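What follows is one structure encoded as structure tokens, with my remarks underneath.
For reference, chains read A, B, C and D in written order, and residue numbers begin at 1 within each chain.
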């Protein structure tokens, strides 16, 4: 069944493979966020809300530039600002990271999701939530190594960046990519993005950022949203970007081994009982037992 | 901008100072990131705050607000002392070799001719020495002690790196490497661009700051070349166009000026503006002033403008003094103004000292607002609690609020910072009963004209005789008006060289201002826009983005004034013989018979360069001026004066002259002077600015912008926060001598205290954008705090430097 | 099968033991035909415009409801950057990207309003009444205070008791017409936002 | 006590309590399994679909826990392990093989039942605590994601153990004929009691044991 405008290669809570004879017409795509070019203007936040018809609450100022304060069902991307005094250069650096779904090759959310087809991964690498199938359990939040999905208070369903799958499906770039004034966010095939990143890293190294590098963490099989970081050796500087994200061991256990083992255990228990019944048979109380009981009861105490 | 947005990508070095391009112009700033990524350019940011621009800069230097002339003056000294100037450029294309009058002098912070009572200069000594031939005397060897080069050197000798550190707070050891980097662009093959905005203009010495930056660029040979220039980043979408169209108290269209009341004689008025060349064979393009003026008057008064009535010269009001915004509000406060019309402008929010604004507006009999949004000005009479604590019953002003269309609901053109006129199209109808400004101005004028025709009245002629040829008089169309300001022939125009040949038939649109005549046979409402709607149609609507040379010229995209020229002074990108200084970035060049290239030459198109015509064709000298002559109020060379509210007791550059503490030529009204605060009561230096999330006072009405920056805050450094004992997110009260605001404190490492003259000076950042209308959280108008004093030349208020006190709320 | 991870393989082999048999019994989960959101601009009318905020003058594309047919009322529901524009090349800053919320701001003025002296409220007024009253007020003030000549006999023809601030974002055509009208009346206290 | 009369093992309130726990368990297990394993997601249809399953499961769990606590308190005293229980356990092979003659006399509950009792108590405690941590609608936001992950695993393990334990429990009732009626009608035959819970039978016979539960 391939009615989808983007072919699905993985579905949540589905144990058989999806149809996958066809590849993605675009190949694997990726969004590259060059943190060194980002001015934190939040155009991406606005373009995201505007395109996706979302409007978050009008909050308050908490004494930081981060607004809204956190990701939400209405804010699928968010600039996180960190003022960092570099001990080596003595310079102040204003590190601004666009947070949002990383579109992992091995998505923890999809792994964790119990509802068939609520989370899918397309052949082009996009990991998408289909809220009509979402049951609102929040397992995706539990499964995500980047703490991205959020449950809406309006409908109890989980939301996150779709990488504008509706735009990509018709051959456009995501809204945040298109709007980014400085070109800090670029989009294309994953290979092209890696090449672009390599050029940027070379430029950054020439400007004294010896540890500039690409963030495409292997722990989740690589991501379809990647960062160019000036300090790739310390990703946690950027508002706690995980240094080595991976699907947590607990999630692996819970969603991996535990599932078949548990079912097997239950099945085995049933089977054991059944075989016991067949092999040994019931433990019945017969007339002799009643007789024995009667004798005892009639015995004067 | 002398250059344009895309051209920034050609720069080798970008200096952002007096502005925060990343914050206020993110999409234009992309060309800085392009220059960095693909031209290996370096970015330098000099700012009191570590801004969003600084966050992606290679080098950041802190500076005390209002002291940019000291920093740049120091840089000029550094370039001159170390001979890091592009000599061929400055000798041929600037006035460095010109000899200045002996009477010109500078002493103790004041130039010759100062009248302390009038706070004004007699500028007669501020001029060049003329030779017997009537032309300026020059010394191309630059050895004459009275040549501009030596005077300049002498003037900035005091601007040492030590002085820079004392006044600006910028450490010498950090400054010198940056100056060295800037000096590297003195070679013909390296270009630096300077990007500035209101961080320079909004000072009492703002115009002079900009001049100092321009002087640096001239010394380095960076004006007129690709990737160079002095690039003013205008704040609003059509500030450029509205200024080009002369919507200022003293202007007519195309930078023609209104007559003063002393100029009763029409020919004298023209002669004073049609400047004769000061050097041999200079174009001095303003010599054509009469053609521009007559064509303009024909566009406005049509047949009523005749040679006999001097083309309606007396229909124009004549000035006795400037009537800029600050002057008008002063008159309003004094009860001398009865009516006021605000068309898409929110002065209660945008003008300094809100308390004065409230008091002034309350003096009006009537106020008319035309706006798409509910502005604070339109509701100045409404009590909005602490944010606008007024008593409506005591305000007797009649207020009319007329709803207008917004950009999406109208056709027309806007002129951007690059001087491009771009046409846009209507996409929807306005909400409710809203009408376009054209309909409102049209209907209002038609009513006034009818009233004067019916009832008569005072001097009705300029009204009743105003040319009004529009198909729907109450609703002139954008197309009709564009054709009118561009210009058309009123009669068949004959070729001056061959009278039998008709070059333009009556009624035909003109291709450019070269076709304008001073005999009443052409009409052009704005000469610099002439050709925007030419004989081939509306060039502003062109959308060919081809860039054949790859240097970003796209000359068939829309239309740029003047004459579709994209880089001003581009002749200066070539050496005197007409060969490009940098063969890799050719804008124009002389091919032996004509000037050709990627841009429209800013020069006489067939002028042989050997004839010595200078590249600065609007100046009668033909060259750029270091010595401003009488053009500036404060003096021919920029001198540093402290802001009117300064943390210092004296001007370190002129410590013994109290008159030289602040701009001696700035106009200050008595009540405004009385409202200035002193450093003992208001010890912190404040500066106001925009945030990238908002546009002025508009986007607080937009939900999306309110979401990403919902509530008013002020930025203070960690040191000051510790001093007053608050943490980020706490509320603080910020007071000036004019009022106070309370806001959330954003405590940041990005603002550091500076050591000025041995004392610690804290900077407080006050973003504007909040007010008592809008969907964002209500807040105080930032201009509650700001002082009323303008730049000595432009009267732009000093929003960027004033004194406040910050305390726990 | 290259993408099949070990974990998946385990699931496939181990757990479908139970699952597949149940599926055979007719308990198969609903086939979820996940489909991306429909592309919302497919046939919307596209109109070119210029961002009204700063002076970069980014090209914008406005998308409105309907195809321009007479019976369709256009309403702009989406705006994004014009990729052909040489300066912004499709990009928009956070203000430009939010333009649709300016057009539909709840604070857009809908009809002419009048605030009487001393009043604390607006009252609705018709265009005709508003323009008529404004024109009369202006004429009365001009006729009373217009200065044709100074005391020393100079012709000055100026009107100083009414002033005007023109906009910063109105079109050249509006600016030109406004200037023409203002100066023909003799206004000198006439400025635009370039001053501030 | 009359020999022909049946012996009361469970009073009506206890039986009702037990069956409330049982219903709770079945619903919690079915809904939990639906959320646990994709192959069983179809079970969510029994509860009105995925979202309803997600909404109901924790409330069912809470209900089950509460009614179980009542039951556990009632039968707790009889589930204390005694010395003989260990002997009984050592003869587990005989138990499975239906050879009860070699076993020590059993009281009201045998050691297997007692162990099951403690296992269920433990499982329910773990399920309750871990369930609260992973209850996304109300509580998860107060816990770190790491803790939520740990709780998810513990919940799954405890649930599995519980399900297996209950399967054993159910099978035991099928296997040991005559048990089911103890929980349906409340009584057992004297022979059943004599055979499986002789010590308890003798207490009852002495009249020392009043039906407490």
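Throughout what follows, a contact is a pair of C-beta atoms (placed from the backbone, for glycine too) under 8 Å apart; a residue touches a chain by one contact, two chains touch by 3 or more.
Bear in mind that the values here come from a model prediction, so they are computed numbers and not experimental data.
The minimal number of chain-to-chain contact steps leading from chain A to chain D is 1.
Taking the mean of each chain's C-alpha atoms as its centre, the chain lying closest to the overall protein C-alpha centroid is C.
In whole angstrom, the spacing between the mean C-alpha positions of chain C and chain D is 67. Once the centre of each chain is set as its mean CA position, chain A and chain C turn out to be 36 Å apart.
Centroid to centroid, with C-alpha atoms defining each point, chain A and chain B lie 50 Å apart. Chain C has its Cα centroid 26 Å from the Cα centroid of chain B. Chain C has residues 11, 15-16, 18-19, 29, 81, 88, 91-94, 96-98, 101 in contact with two or more other chains. Each of residues 13-15, 41-43, 45-46, 50, 116, 118, 133, 181, 183, 259, 261, 263 in chain A touches at least two other chains. Counting partner chains per residue, chain B has residues 26-27, 30, 692-693, 703-705, 708, 775 touching two or more of them. The touching residues of chain A, counted against chain D in their complex, run 12-15, 114-116, 118, 133-139, 141-142, 144, 147, 151, 156, 248, 250-251, 253-254, 258-259, 261-263, 265-266, 269-270, 273, 276-277, 280-294, 296-298, 301. On the chain D side of its complex with chain A, the touching residues are 1-4, 34-41, 44, 49-51, 53-55, 96-98, 100, 134, 136-137, 140, 145-146, 148-150, 152-153, 156-157, 159-160, 163-164, 167-168, 171, 174-178, 189-196, 201-202, 205-207. Within the complex, the chain C residues that touch chain A are 1, 3-5, 7-8, 10-12, 14-19, 29-40, 78-81, 83, 88, 90-94, 96-98, 100-101. Only residues 45, 47-59, 62, 64, 73-76, 81, 84-89, 91-99, 101-103, 105-120, 122, 125, 127, 130-139, 141-143, 145-146, 148, 150, 154-196 of chain C touch chain B when the two sit together in their complex. Against chain C, the residues of chain A that register as touching in their complex are 1, 3-6, 8-11, 13-17, 20, 41-43, 45-47, 50-51, 106, 111, 116-118, 120, 128, 130, 133, 162, 165-167, 169-170, 175, 178-181, 183, 252, 255-257, 259-261, 263-264, 267.
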